[in-house]
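Before any comments, here is the structure.
Just so it is clear, A, B, C and D label the chains in written order, and each chain counts residues from 1 on its own.
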Amino acid sequence: MAKDKLTFCVFGAGRIGKLHARNVAAHPQARVKYIVDPVSKAAAELAQQIGARTASDPAMALADPEIDAVVVASSTNTHVDLITASARMGKAVLCEKPIDLDIKRVNRCLADLKKHRVPVAIGFNRRFDPTNRALQAAIRKGEVGDVELVVITSRDPGPPPLEYIKVSGGLFRDMMIHDFDLARWLLGEEPVEVVAKASCRVDPKIGKAGDIDTAMVILKTRSGSLCHINNSRRATYGYDQRVEVFGSKGMVRSDNLRPTAILKSNDTTTEARDVLMHFFIERYQQSYLNELNDFIDAVLAKRKPSVGAEDGRRALLLANAAVESHRTGKTVTIK
Amino acid sequence: MAKDKLTFCVFGAGRIGKLHARNVAAHPQARVKYIVDPVSKAAAELAQQIGARTASDPAMALADPEIDAVVVASSTNTHVDLITASARMGKAVLCEKPIDLDIKRVNRCLADLKKHRVPVAIGFNRRFDPTNRALQAAIRKGEVGDVELVVITSRDPGPPPLEYIKVSGGLFRDMMIHDFDLARWLLGEEPVEVVAKASCRVDPKIGKAGDIDTAMVILKTRSGSLCHINNSRRATYGYDQRVEVFGSKGMVRSDNLRPTAILKSNDTTTEARDVLMHFFIERYQQSYLNELNDFIDAVLAKRKPSVGAEDGRRALLLANAAVESHRTGKTVTIK
Amino acid sequence: MAKDKLTFCVFGAGRIGKLHARNVAAHPQARVKYIVDPVSKAAAELAQQIGARTASDPAMALADPEIDAVVVASSTNTHVDLITASARMGKAVLCEKPIDLDIKRVNRCLADLKKHRVPVAIGFNRRFDPTNRALQAAIRKGEVGDVELVVITSRDPGPPPLEYIKVSGGLFRDMMIHDFDLARWLLGEEPVEVVAKASCRVDPKIGKAGDIDTAMVILKTRSGSLCHINNSRRATYGYDQRVEVFGSKGMVRSDNLRPTAILKSNDTTTEARDVLMHFFIERYQQSYLNELNDFIDAVLAKRKPSVGAEDGRRALLLANAAVESHRTGKTVTIK
Amino acid sequence: MAKDKLTFCVFGAGRIGKLHARNVAAHPQARVKYIVDPVSKAAAELAQQIGARTASDPAMALADPEIDAVVVASSTNTHVDLITASARMGKAVLCEKPIDLDIKRVNRCLADLKKHRVPVAIGFNRRFDPTNRALQAAIRKGEVGDVELVVITSRDPGPPPLEYIKVSGGLFRDMMIHDFDLARWLLGEEPVEVVAKASCRVDPKIGKAGDIDTAMVILKTRSGSLCHINNSRRATYGYDQRVEVFGSKGMVRSDNLRPTAILKSNDTTTEARDVLMHFFIERYQQSYLNELNDFIDAVLAKRKPSVGAEDGRRALLLANAAVESHRTGKTVTIK
């Protein structure tokens, strides 16, 4: 009899681990059995909230034959080991981006995964956002004709803590990596050239930590489509997420989402709209749910998840190319 | 020990009964024990879907001491009896609008309710819509100053079946009653004068059935605020729900909601937005959830629900006044 | 040889007289010969600015055979006499609304005009506004199907001086008369029923002067189309002019115009748009030019101007009906 | 006595020459005395239309002591000679962009101009567009704080004739040069680095002619501000002109302009807006008038025009850098 419900172990009880754990717990076709986190208090609290238990270490949880799937939402440097260990035990994997900051480790991880044929999904949740999906559906249906120009605007409401930035891999690998994935998906073709320009304008401490906070990139595909991405670590008006796809037949673009559809006018302002959704947790709430749906459906139906490990690798290649172009001032070519 | 979860009986397994039953079943502080519907197949199916059982008649379900609360989502002509029977057994009541089409029965029902001090909520779900709430919050905070003009646009994507129209009580009591409630709430004051104009423009069969499908009303409050409502039973572009509140300091208005934030431009159109949310089930999905939250919270906290039986009565008075004004061409005064 | 340029006399050197005089003076097919105003200083100044001369009284100017056409932009109580005198002398007439506040005088004026077959245009400039024209063109092309609901929002940035209000004929005849004309034009059919509700909310002095400043009206045509108009003498956010036409096939509506297309977002507001065009002089600048073009073209081509004396009479009938309905609370029927 | 009216000679009777000649002719403080164009029929027609005469060659017109100012709207390769000849005769110069396609000739021209202290304005009309002005005023007032990111979208409705493209200097020097000027003005600082990516996607004939039709650029200033520009020679939905300026305090952006403010909804589209202004003649009509006002005012007031020859040189430097970056794939540095 075909299985109709999956049992999960969730690695990581931080902000994003909590989000995934709760989504899994509330999903009609899934349940969480274990929460694993080196911070045992966080693990225990989360486990208690959602009716799961904790496991003292990943190996113990992975040894449990009841476990069908894992969510990897722990710190980035643990991703590869957890993916590999899970795959070895035959567990399906939903891993938060990035797979790793080091392309060599990512390549090795992908090589390992070839030996263990388990479904692996990478958490580029924006592909599951209803607005982005509608954009991509319009492209696929030919509504914009040949895609020629893509413009992605992606600005955070404020920078993360400096401690996070120091281990993040830098803006291109940590933040713009989402936009690189979106670009690949919307262009429908691999970018082969990357140029990047960046600076530190938001907070000089970010610069001292070796990172930048303001950046622009251009990608070019083999057929000559162009994609621009701009990022800032701080937008006073909120989390700014807009995409524009222009082609031979027209344009489809997306506006930001807002909690309500009200418009205010008074003696100092006219037609001001509601504030933006605060940050990714709110803005991409539905995306995370759809991503999980896709993963569970893929595992149950024994098909590949929509966004896989190779997508994780490709996005990292683009991020690395942007880092290099920013450093050298030259176009970096991707094979 | 204070109760922290309510057990429900849901009367009615039609479209709106299903919606409520599912919302109750999914609510962390509630469960459905019984579904009651004279169409036993519908009751059984719904009960099975949400893990409840059926009861052969209301009395049996109401006799169960486990039942804390009921949802009345059966046909309108059964509302008063079910409210009264439930109240007599000490059950809290969440009843779909309208209480009844006959103001005398409504008055009697309210008189009965005074003897049985149970929480009674009437399902004017639009007050719980986040966009409407933001509008009302802006008013309450003084952002528009004194409310002077309110304009409510409310148009259905298409007319209901003729069989429904025949027993609906007519457009003013069936459809515009929601807008009358919204008007009272936004005006913050009772309308004392009503004028109505209406015609049959959408479908002559509606006219033959004695109803109208296209209508405009003006309400006036004692302090001189004015409110306009317009309704149509058919809008080709979808379910059109907009509200505008104008006052001494400015204006707050609401736009329609859409599934996504995409905009399309091509050689025949520019900046076309996504379609509207299909109909009330989709557009007011969050409102129904918030309404239920408010009801459950009120029952658990032993406070009055936000929208009560008197609100149901008041909205019907306005609808009746509109019917009379439409017939006589005169202003109808509400005491 | 056909004439290709018209010589004008302009009656009135106030705000609206100046506007017309300057438009005529700048028109390639027209010139102003006389400015006539009892306030001789105002007349002299305006005449000097545009290279015209003054005439001591209307009769003198009208006796000049060079004069082809007149603009009547003097105070309302002089309109009928000037129209009649001009018509008697064979001059084409472009008269500001209203023809008169007294329907009997208007009727007599129209009877007189039948004897003197001169082109007479009434200054309902909003029909010449490009946005309103696009609306009406869409209706005429069948884009909304049968017109069923029209909603006209018309709010001034602030009330006129009390002295003006006292002689204005009241809000319905002075301000809403523009909207009555627009309604007739967009409905494509004469309204046969009028109900009005109004109050004094902006300034109690307006109430003491016997007028109202906040009003709502519903018009109904024979075929059952409905039109709502709302007016306020004060909108803190500026001159609010919006029209919505809803029908069996869809909706066409208009938004306000703004000097620029900028959008501002910061930590307190998102996507606030530019302020509204200040008032009618700015908002309807192009309308006044188009109105004059239509008049000059009509006179030169010996055709009827697009908006004539009967339109002036019809709008006044609706305004009078609104006054009466406001007083009696009843529907007023127009034959 | 100070002069209060200028007499012009207009060089060029093509599309843009006509536009300028008509604007000058209609300006209250200017008149056109001569139209000069090697195509004598075009010159004669235009001269007749606006009440000017033709001159057989530039020297003859420039020898006329009545001439105060010239408009250079002839073909690009004649600009430098006409500027220099006019300056030598003491005439003020309003020259269409670009000064020349060859930076060496531009440098020599600027050196020559130092000897003849006449006012020279370069026709970057977009700086005079009310919407762009409002953007720049908001920046200057500090509303966006420090400018960090600028995004300029500039797409033509369709490509020009191939014959034009062949002599145009290419997309960067012919089309994007306007955007380079806008970027400098909005950034408030000189770009010091340029990267460009481009391709031929609209029409392969453009590629065969050695040009590109689809392009993206990033500019970086010394302080680290970044500016992205994207161009296409063909947008099916019309002339797309949008600007976005993002900074430490917020964002100001501009939307496209449209002839009217109507919105259409039916069973296939919702809230579609009016078409875009057709092309630059329509979209920047007011800009050309404001540009001329600024020039005339500068000449009469003996001040420098707002946009001068050095601005023309700077924009060409950026265009040349883009050409080189597109060719080499490297960042080009501007001193």
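Here is the rule we go by: a contact is a pair of C-beta atoms (placed from the backbone, for glycine too) under 8 Å apart; a residue touches a chain by one contact, two chains touch by 3 or more.
As the structure is a prediction and not an experimental result, all values here were calculated from the model.
**Student:** Quick one: which chains contact chain A and chain B both?
**Tutor:** C, D
**Student:** More C-beta contacts across A-D or across A-C?
**Tutor:** Looking at contacts between chains, A-D has the larger number.
**Student:** Could you tell me the distance, in whole angstrom, between the mean C-alpha positions of chain C and chain D?
**Tutor:** Here the centre of chain D sits 40 Å away from the centre of chain C.
**Student:** For chain A versus chain C, what separation do you get between their C-alpha means, in angstrom?
**Tutor:** 58
**Student:** For chain A and chain D, what's the span in angstrom between their mean Cα positions?
**Tutor:** Each chain's C-alpha centroid was found; their separation is 42 Å.
**Student:** On chain C, where are the residues touching two or more other chains?
**Tutor:** Answer for chain C, listing residues that touch two or more other chains: 236-237, 249-251, 265-267, 274.
**Student:** Within the complex, which stretch of chain C touches chain D?
**Tutor:** Listed in rising order, the residues of chain C that touch chain D are 130-131, 133-135, 138, 143-144, 249-257, 259-267, 274.
**Student:** Can you list the chain B residues touching chain C in their complex?
**Tutor:** 145-146, 148-149, 151, 153, 155, 193, 195, 197-202, 214-216, 218, 220, 224-226, 228, 230, 232, 234-237, 240, 246, 248-251, 329-331
**Student:** Would you tell me which residues of chain C are touching chain A in their complex?
**Tutor:** So the residues of chain C in touch with chain A come to 236-238, 258, 265-267, 269-276.
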